[in-house]
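Each chain carries a letter (A, B, C and D) given by its place in the written order, and its residues are counted from 1.
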């Protein structure tokens, strides 16, 4: 099993000189990536929940949008090269489908990401004044309140997640469109998505981000949207990349050469 | 017909090693760029319309400014190297005039960009709560309401579009002023333009961005401003680049060597 | 007279291969840089004035801070490599003192920058609705209203201009601290300065930015602050760089080797 | 004593060609770094305090978050390569623990950073209108008012400081995760932390940032939080880097090769 190519976040920065020592131990291949996915998800979701819990209502979505985006950018910059910097089950699924993660690592990654989400949401609860925590329902997604909002929210989650995944895959997997500040592309795509879709669906795009706060606030209304939407988007993006815009390695039909 | 130099977005990042395989098939030369222009325009205009539909009035223009700018930055980063990353008829016209796109591709690009605008605005309508959609007139440009505003709005559209086009051309076509994070330069120039001109003309700068929402909300008041202004700006920038600041290839008069 | 080293903005990106043709004609050496300083100053000050004229009062200083910063970043990215990208008499003075501009070019640059300021402010007046233009006094600096504010405002202008100049010089002139996205460093230093000092002195830091709108609105209260402060800062930064932190070429005393 | 490797800020950009002259004099090794730490801390804390003193209450934390983050980014870009760009006793401690600063330089750095904090806060007091200065208690940290907030604030300071330090160390010390725009990573991590934790603990993360304004406003309520939190975080991050994620030089246990 070759896990040395499992970089999703900023794998393009790996220098050839390290190639010799990158695949050396069980610890570096399995335990370290999983620990860092757990740690990174916890930190990302901690920052994300905090920014929602403290947001001033009149400010619209700028504070949570920037906080989520910068947190993801910086955590991928710091930890991404070791674990791939997914911190999101939907990203791991898309990475696996497009050949950036081995199937065997998918379940461990998902478990670590969900545990990280729990840990981050728990930390946000510990740190926040109780009144403010409950005013924000612990940063759980409460945007969808009526059945009439479900379709719009689901479609928004799918499109926004697809766009975010496309940015991630398009700036890393596909050699034709590589652009070096990838961690910031990925992070800022979350900023963009929250600015666009925050009031329609919450712009979650990440089951781990939905799961942790839902447990902490014990709030489960329309929770399935934040699993179905992002994971369906992963499937669609994985297929899209393989069939339409992929490079030599993943481009299966209509290949130019 | 050599379409291999039709990169406008981030063509400078193309590595020599791919040169051999870049011009291989009809699919990669014609269908893929057009599909990606349609897809990219749809995504850009979807995000743009959403950020306008959901904006909190007290927040001024920050949310739409950042959402449009990040969307364009990231979509050019992801898809720009294949189609050039125009997503705007005015950009395609300027690229054609300054030698970055063949004349034959101009009409297909325009059609795809307008269809993409329609698709993006339609998606925004599907996803948004109806009340909020109509409050914002579907993100159509309603800034100009009186005849007295027309001249100011038209001049603003021309100057802002020229500045945006100059950033795009200046950071890609002209080898003297190449600066690598071009996609973000182009995207952030839209942010800048909206922060500066959003309240005067709407800072559209893109007929496709005006067209899609106008169809969806069936709102056509002063719609011609958003065609005349940007396309006039393309003409002026195209001429300016050829005669004043171009490099060896496009600099026609007063050349230094 | 060797004007080929007059790059201040992003001179470090000049590639050796162009060195041979960079110093070829009177047009490219003198007329083109001056024209671009005029054009760049006009565009920068147009965007800056527009963002002030349209600002929503409750929003604090974010909109003008981002608009000024992005405008300067992007205009330096686009035009900076030809003229040096000063667009500010204080920057030209500091560049001259630290060896980045010949003395002979200082006066032409100043004249072009002030004319550009006039042009930019005039364009902003043409484009803006009259009521909004006068509400904002045409984006002239009206922060200082009483004699008691003068000292604070003057000290703020000096410190903020020094910091901005230090970022510009520190990221270009001094080889030890070169950092490639210089245009954005310079532009964002203006954003930072407005966020910090906008309410104390207006964070002008640029006589051309003060001059143009002052003419257009015929408002001259405490106008001298915006000449004395920035130019004094240029003198201090020029001296500081020569004596304390400069590299081999400009570091005059206490040199390490 | 080899102080030539004491770069924390953007040491990776040092080019080999300068290596020969970098370790030449007592002045460049000791006096210059300390002076620049003092100057940089003063400028950073001046900008930071100004942005807090002038903040519009309704704006939430965006203005101080961006001002602190940009100030740190730009000051590290400009001065960081000479002194390492710490400007924070907690950063110097973490740099020392992870091998980026000699023990002998720790105390001089701390003294310079605290003096810089005093100087920056004093300048902010001089420049600000008196009424506004006292309304903001001179930008001292007044978030924690009751004993019940202490634990949350302390935990928040520790986690946020750890995250900021991890970004700084992770993008410089560890060759596996190097990402070049480090100064902006470090600066934007402060933006992120203020957006997330500003309302819980103030997101100080820097004893020098707390100390200067506390002296100027003579406000010492719960001041110890801003020493204990950040320094404890330095210890934890130093240990974490040595034992878990470090590269060949600092990775002590469970090493892969």
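Convention: contacts are C-beta pairs under 8 Å (C-beta built on N, C-alpha and C of every residue); 3 or more make two chains touch, one makes a residue touch a chain.
If you're wondering where the values come from, they're calculated on a predicted model, not measured in any experiment.
*Asks:* Please decide if copies chain A and chain D contact each other with the same set of residue positions, more than half shared, or with different positions, and reply same or different.
*Replies:* Counting shared over all numbers used gives less than one half: different.
*Asks:* Cα centroid separation between chain B and chain C, in whole Å?
*Replies:* It comes to 28 Å between the two C-alpha centres.
*Asks:* Any idea how many Å lie between the Cα centroids of chain B and chain D?
*Replies:* The answer is 40 Å.
*Asks:* At which residue positions does chain A touch at least two other chains?
*Replies:* Those would be 58-59, 62, 180-181.
*Asks:* Using the contact definition from the top, classify how the chains connect: line, ring, star, complete or other.
*Replies:* Shape of the chain contacts: a ring, since each chain touches exactly two and the loop closes.
*Asks:* Which two-chain combinations qualify as touching?
*Replies:* Applying the touch criterion to every chain pair yields A-B, A-D, B-C, C-D.
*Asks:* Could you list, by residue number, the parts of chain C that touch chain D in their complex?
*Replies:* 58-62, 65, 149, 151-153, 155-156, 159, 163, 166-167, 170-171, 175-179, 181, 185, 188-189, 191-193, 195-200, 244-245, 248, 254-257
*Asks:* Within the complex, which stretch of chain B touches chain A?
*Replies:* Touching chain A: residues 10, 13, 18, 21, 24-25, 27-28, 32, 35-36, 43, 46-47, 50-51, 54-56, 58-59, 62-63, 66-67, 70-71, 73-75, 77-82, 123, 126-129, 132, 180-181, 183 of chain B.
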